[in-house]
Each structure stands twice: as C-alpha cells, then as structure tokens.
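Once you've had a glance at the structure underneath, I'll fire off some questions.
Residue numbering begins at 1 within each chain, and the chains themselves are lettered A, B, C and D in the order written.
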Amino acid sequence: MNDEADHHHHDHAELSPVAARVRALESLLVEKGYVDPAALDELIDTYETRIGPQNGARVVARAWVDPAYRERLMTNAGAAIADFGYSGRQGEHMVAVENTPDTHNLVVCTLCSCYPWPVLGVPPVWYKSPAYRSRAVIDPRGVLAEFGLSLPEAVSIRVWDSTAEMRYLVVPMRPEGSEGMSEDALAALVTRDSMVGTGLALTPEEARKAGRVT
Amino acid sequence: MNDEADHHHHDHAELSPVAARVRALESLLVEKGYVDPAALDELIDTYETRIGPQNGARVVARAWVDPAYRERLMTNAGAAIADFGYSGRQGEHMVAVENTPDTHNLVVCTLCSCYPWPVLGVPPVWYKSPAYRSRAVIDPRGVLAEFGLSLPEAVSIRVWDSTAEMRYLVVPMRPEGSEGMSEDALAALVTRDSMVGTGLALTPEEARKAGRVT
Amino acid sequence: MNGVHDMGGFQGFGPVEPEADEPVFHAEWERRVFALTLAMSPPGGWTLDTSRYMRESLPPAQYLSSTYYEIWLAALERLIVERGLASPQEIEAGRSQEPAKPVKRRLKAEDVAVTLGRGGPALREAGTKARFAEGEAVRARNLNPTGHTRLPRYVRGREGTIVAVHGCHVFPDTNAHGLGEQPHWLYGVEFTARELWGPEARAGDTLRVDLWEPYLDPV
Amino acid sequence: MNGVHDMGGFQGFGPVEPEADEPVFHAEWERRVFALTLAMSPPGGWTLDTSRYMRESLPPAQYLSSTYYEIWLAALERLIVERGLASPQEIEAGRSQEPAKPVKRRLKAEDVAVTLGRGGPALREAGTKARFAEGEAVRARNLNPTGHTRLPRYVRGREGTIVAVHGCHVFPDTNAHGLGEQPHWLYGVEFTARELWGPEARAGDTLRVDLWEPYLDPV
C-alpha cells in the first residue's frame, strides 16, 4: 500500500468512492507523518493471519482435557489464556463462561461490537449487524434458529451483553464422540460460533463433513 | 395532472426519480380504474387551500370572546368545533387543551404524525421530523427554544403524545393588548404553532410585524 | 414492533428546524402521493392502522433516510402489491399488464367532501365496563409485540395516573393485522417527566398519552 | 445518548445472516480503515470511549445505512478534524496543505505486537469500597445523558441482581468526553428475561450486563 499510495491519483477512477476516500486518507496521514505504512501492514497481517478463533479453540480444547486448567480458566480467564501467549487489545479483562446441560451462553454487544479479539480475532459481519445486536437480547431463540441451532426445551439461555471492557469467551460443551481425542484434534471441533454461543462445538463426524479434520 | 399523466412517457426524463415513480403509479392506478383523477385534485385542493390553521384560529378566537363557547369547547370539543363545519378525517375525536399561567401544552405524535387535520390542516415538515418526534417528550424546553420560545421558570409543560385517534388542539392564552378586539381580528393572532404548543398567540404588535394584520 | 419509528426519547436527531412560511406541499409529487394515499383507501379496503404498520415496518435505514412522503409512497406501493391490486412489474412500468382487481368502493370527486367530513371514527359501543377510573394509578405493561402497537417503548413499565376515560376504541394491535377491531377501553394516562426520564427531568412537567386497557396494569 | 446504536430490543432489522467461510475483511479498503483506526489512536491521543462516541453520534440515518467500516471511517475522519490533525479540505484532497501537528506518539511497525499485546486495561486502583456485593438486588437507574453512556436503554428502570464485582473501571461517560477516567466500581448484573421483556419472555432465561456503580440504585 505504501507505494500504491504515492500514485493514487492515476488509479483513483478504478476504485469505489469509499475505497478512493480511504486511499486518500491513508496517503494524507502518511504524508503528515502520523502513521507508519509498515505498521498498518503489520496490524492487518496480525488480525488477518495470526489472531483468530483458532486461538480460542486451543484454550477450549485444553479446558476439556485438563481439569486443573479448566478450573484456572473459569476463575481467572486472563491468566489461563496468557498461557498460550494470547493477551491485550480487546481482551484485557477476559471471562470464560461455560455451557452446561442446563444453560447455554450467548454473547452480544448491543451498543457497538465488543468482542474478545485475542482469542477470536475481529468479529464477523453478522456479530456487528443491527439484526444480531438488536435481537440477541430480546429473541435469543429466534436468533439461534437462524444459525440452525435449536436448543432442548429445558435449556435456559444466558445472554451476555458486553457493555464494558469485560470480554466473554463461551466454553462450549465437549461433544459426544470426542472421547480420547488429543487436545490438538479437539481444537478442530471448536468453531468460532461455538465460542460466541451461536453454535455448538462440532462432533468429530460434523468436523469431518465440514472439512475441518481429515 | 390528469392529462399530464397520459403523456408521462415523453417528459419522464425531466422528473426526479421519485416524481417519475409517483407519476407512473398514478397513471397505473387511474388506468386500473381504482382512482378518479378528479378526486385526487379535489383532495389536494381541500387541504392546500381550504382546510388549514385558519380553521383552528377561528375556534380559538371564539373561545376567547365567548365564555359559553369556551366551556363547550373544553368539555366537548368535537361538537363545539362542528359549529364551524369542521369535522371528520383525523379530527374524529377532538380534545381542546388550554394553556394557563401555570401550564403550557405541547402536542406531538412520537409514533407517526397524528395531527388534527380539520382544524390545522396537514402537519408541517418539522412536526413529522425525527428531531421533533424524538425530543418533544424528553426535552420539551430544548425544542421550544428552537422555536424561539422560552417559558417562565414557573410554568410546567404538559406534553400530549397522540398515540390513539384522540386529537389535541392547544388553546393558547389570549395575548396582552388584545382587549376589545373582534373575534375576526383575534383569529389573526392565533398561529398554527400556538395551537400545537410550539408557539404562543401573537400580540397585536407581533401580528402587525408579521404582516398578519394591517 | 420495537422499531425506529417509535421515536420518543431519542436524542441524536439534531435540532428541530421550523421552516418560515412553509407551503403545504413542497413538490407536485408530494401532492399526488398524499392524494393517492387517501384515494386508495376505499378501493384497497385497508385500515389506517394497517397503513401505519406498513410505514413503520419499512427497513429502519430506509425509514430514517426517507422523507415523509417517500415513506407514504413506499407503504402505498407495498399495500397495493400485498392486496393484489397491481404487481411490482406494473408499478415499475406504470402501465397495467393484467386486468384490474374488482373493488367495491372508489372515491369519486363529488364524494370527497362528505367522505372527509365523515372521517373514520374509532369509538365503538362498549361491551364491557371500564376497568379503570379517573385518578387510578396504573402501570404501562412491558409488552414487546412483534406486530403493530401504539404503546410507545418509553412508557413501558412506568407508573402513571388515569386522567381521562375516552370510551371503547378500535384496537390497533389487532386491527392493523386484519384480526378485527376488537375495541378496548381507551384512557388518557398522565406520567410525570421524572417517572419517564429520571431525576434530571423537571419536577412538575408531565406527559399524557392515550393507552388502551390491554396496555395497562393496576398498581 | 439515546441513539439508534443502542440496539437492544429492536425488532425490525430482519434475520441474522451468517456468511459461510467469511473472510476477515471483505475489501482492501476495509483492511486499511481497520489499520488506520488502530494506528491513529497513539498520535491522536483519543480514547476508545471517544471513538465509540464518535461512531454512535453519527446522524442516525447515516449510522443505519452505513456498513461497519464505513462507520469507522466516518468517525476516524471526524476525530482527525476535531483534534486538528488535518482539515476537511486535506481529507477531501488526500494531500497535506498545512504543516502536520506535532504528535507525541506514533505506532511503529516493530512495536505493533507489543502494543497490541499490552492493550489498554480499564481496571484502576479502587479509591472507594464497593457499594454493592454479590447477591444484592439493584435497579438500573433511569438515566438519559445526552453524551456517551454504556447503560443500555432496555435495562433502565429494571431490577436485577449483582452477580460479579469486577473492580474499579474507567468510566466511559466521562472518559469519552475528555472529563477524565473517574474510575467507578463495575458490576456484572443479572436480569431475568421477563423483567426486561415482560411476561411473554421465557421463564429461566436471563441476561447479564456490566454496569458501573453510578448506573445503579439499591432496591
């Protein structure tokens, strides 16, 4: 982008209006010396390729296999998650919340888009959409149905609205058929949606069908 | 519009998109036989030239000069207003509410645009605007300030939110300096805004300055 | 439906901007939308409540970025299509492509004055006794129906006082959806500004709103 | 501010539409807006709370008709102009026309990992004792500030239970407006779905939300 920005005037016409506006803004802010183009690339690379739901999946898998770790995760999530080196921005104050046969947890941010970046990366479009933000709190079952998830009658839903800097990671229930699997193999069953509460962890069978494991 | 509609195809290009769309819709509905173009013209003429705040002003002026009429207006507004032949659509269930030295009335429709048509005509843009609909109930003094109206400290505001088919006509206080004026002359002091509550009745001096009386 | 049309209490819409010497209409197409909407009600057979629901259930971004008569136009088009009076293709084309649907009523020019003068009263004969009387304390229910309602969000759960008993009126929550008029007692209810907006509101300021009996609980 | 960003409980936004195999970004310009927003925070010196307020105080129609990163872009531009880092003319032109404003901090590529890893903790040392303890009943105050707040409208006036005491956290209502961090005790508060949404809600369903002490009254 650095050298692209220098000749943005000649290829402006091919860009959408918003893309052209962003390019002009970047060009200006670089020229002013406020931003380092290499830092922009590094920020993008970090969240596009390195930090994502695979992080949270490793945390959940360890909690499934290691009762002592699970205990630490539930009582001091930040420290337990830091075992993996995950920390910082939008995950400064982590809380893990566990699904049980009685209670299903669902996380939303009605006011903006708060989301635990260090373990899940940046949020998907649906998480930030008015439809999700508005209805997760008043109609959680209707929302879950739109994700293809229908909970048993007896299960209560606990919705977490992230209004402050506390960030919530849902620990889904370990799926049936996953007995004896390794921690690494289990991590492949843990989807992003299962850690937000709009899905469940996959069974080994589902994970195979989804191409997440071979 | 009737004959215009017949050749809307050739002058389409000069119309804004919404105007073209409306013209096409009218053309279709006339062709289908659902609407009578002459009825459309009659509807428009009715509300553009015949029914408007001058109606309400006559009602208010009479209430100022005739205590018996005022009494009827306050207890059965519909019947009192019908004395002038004003009735019907969006004024089926009229209530008159009187300003006093202690209480100022302000009418709004937060949910849409309910407004007493037979006495005030169709509502102005500001009455239908999100700014007015949202803030009249939570910040009536801020709204009045935007109309240049600052009430004495001691005056309480009573806001009327028109959620049902009841329609509210504010009877403003008779202004100082209007003693001895005729009913017709008084009517010229009664503005639309004063009958919604976003203004007061004009003093004779103000009415002269505004060019409402000579 | 909890929608953006339920505007009471929003703070982000900027100042009210009255227009000096405002004309009744700002464009010829506004005149026509206004008149078409009124004239299509008899042949269309829909109620005012249904029209309101059509407007308020437009997508929120569209509702907020449309002018008033653009909203009327969009709602009118939806009603026309929904009732099978014309197809979306016909509306786009501005030309009839199918036979008209037989309609029972049609507003003629010579009937306009009488029709407007009669209006559409909402008062109905009472089949029940009013549950509440003037002076009684009530609390607006915390109802969140997904359909049409005239119970604004900002009064839900708040305590007020009955200040008027208006008689039995057509119930918009059912009437808007073709479920009948089901008339209910309608009350004028007064709330203090402090009850609605908290301790920052001015003591003595009040709000009155008309609420149907199914919106209210005794306190 | 009671704005359309305060979305909890709206019903008119249609279904949630998850995208299969969604990419992290959907266009190159989204990547750049994301990165620019993060990178401009050190030189700009604004807080996350201020950024949030800039986004939520966009005109409501614009907020609802913009995509997520369009909202970020508009807010970033506002912040840049407001802080005197560039003029609207410079933003339009994409060229510097005035000397840059001296800034104290600038995010270098080699510091990105450490800066992100440190984040911006909101926990502060407590100068007071917590007013509430786990298990206590509280009622969310009916506050309607015109500035930034993290007290959603749908909990105001509702009764809940303290379920967590999170320590003293930076108070967004002041911090967003340059009035200081003024840390206050932050609590996890549980409400029943029936308390929030009325008798139609399912018994047993609950909602938890983090609320600062100034948002709460004892019951």
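Here, contacts are C-beta pairs under 8 Å (C-beta built on N, C-alpha and C of every residue); 3 or more make two chains touch, one makes a residue touch a chain.
Everything quoted here is computed from the prediction, not taken from an experiment.
The minimum number of touch steps linking subunit C to subunit D comes to 1.
Averaging Cα atoms per chain gives one point for each, and the point farthest from that of subunit C is the centre of A. For this pair, subunit A with subunit B, the centres built from the Cα atoms lie 53 Å apart. Subunit A and subunit D have Cα centroids lying 17 Å from one another. Rounded to a whole number, the gap between the C-alpha centres of subunit B and subunit D is 41 angstrom.
The set of subunit A residues touching two or more other chains comprises 130, 134, 138. Among the residues of subunit C, those touching two or more other chains are numbered 2, 9-11, 13-14, 56, 60, 64, 144, 196-197. Those chain pairs judged to touch are A-C, A-D, B-C, B-D, C-D.
Residue ranges on subunit D touching subunit C, taken from their complex, read 1-4, 9-14, 56-57, 59-61, 64-65, 141-144, 146, 153, 156-158, 196-198, 200. The touching residues of subunit D, counted against subunit B in their complex, run 2, 60, 144. Residue ranges of subunit A in contact with subunit C, taken from their complex: 130, 134, 138.
Residues of subunit A that touch subunit D in their complex: 1, 8, 15-16, 18-19, 21-29, 31-36, 38-44, 46-48, 52, 87-93, 95, 110-113, 121-122, 124-126, 128-135, 137-141, 143, 146-147, 156-166, 193, 198. Subunit D meets subunit A in the complex at residues 5-11, 13-19, 22, 24-29, 31-36, 38-40, 43-44, 52, 55-56, 64, 68, 70, 73, 76-77, 80, 85-86, 90-96, 100-101, 103, 106-109, 111-113, 115-123, 150-152, 154, 164, 166, 169-170, 172, 186, 188, 193, 196-197, 202, 204-212.
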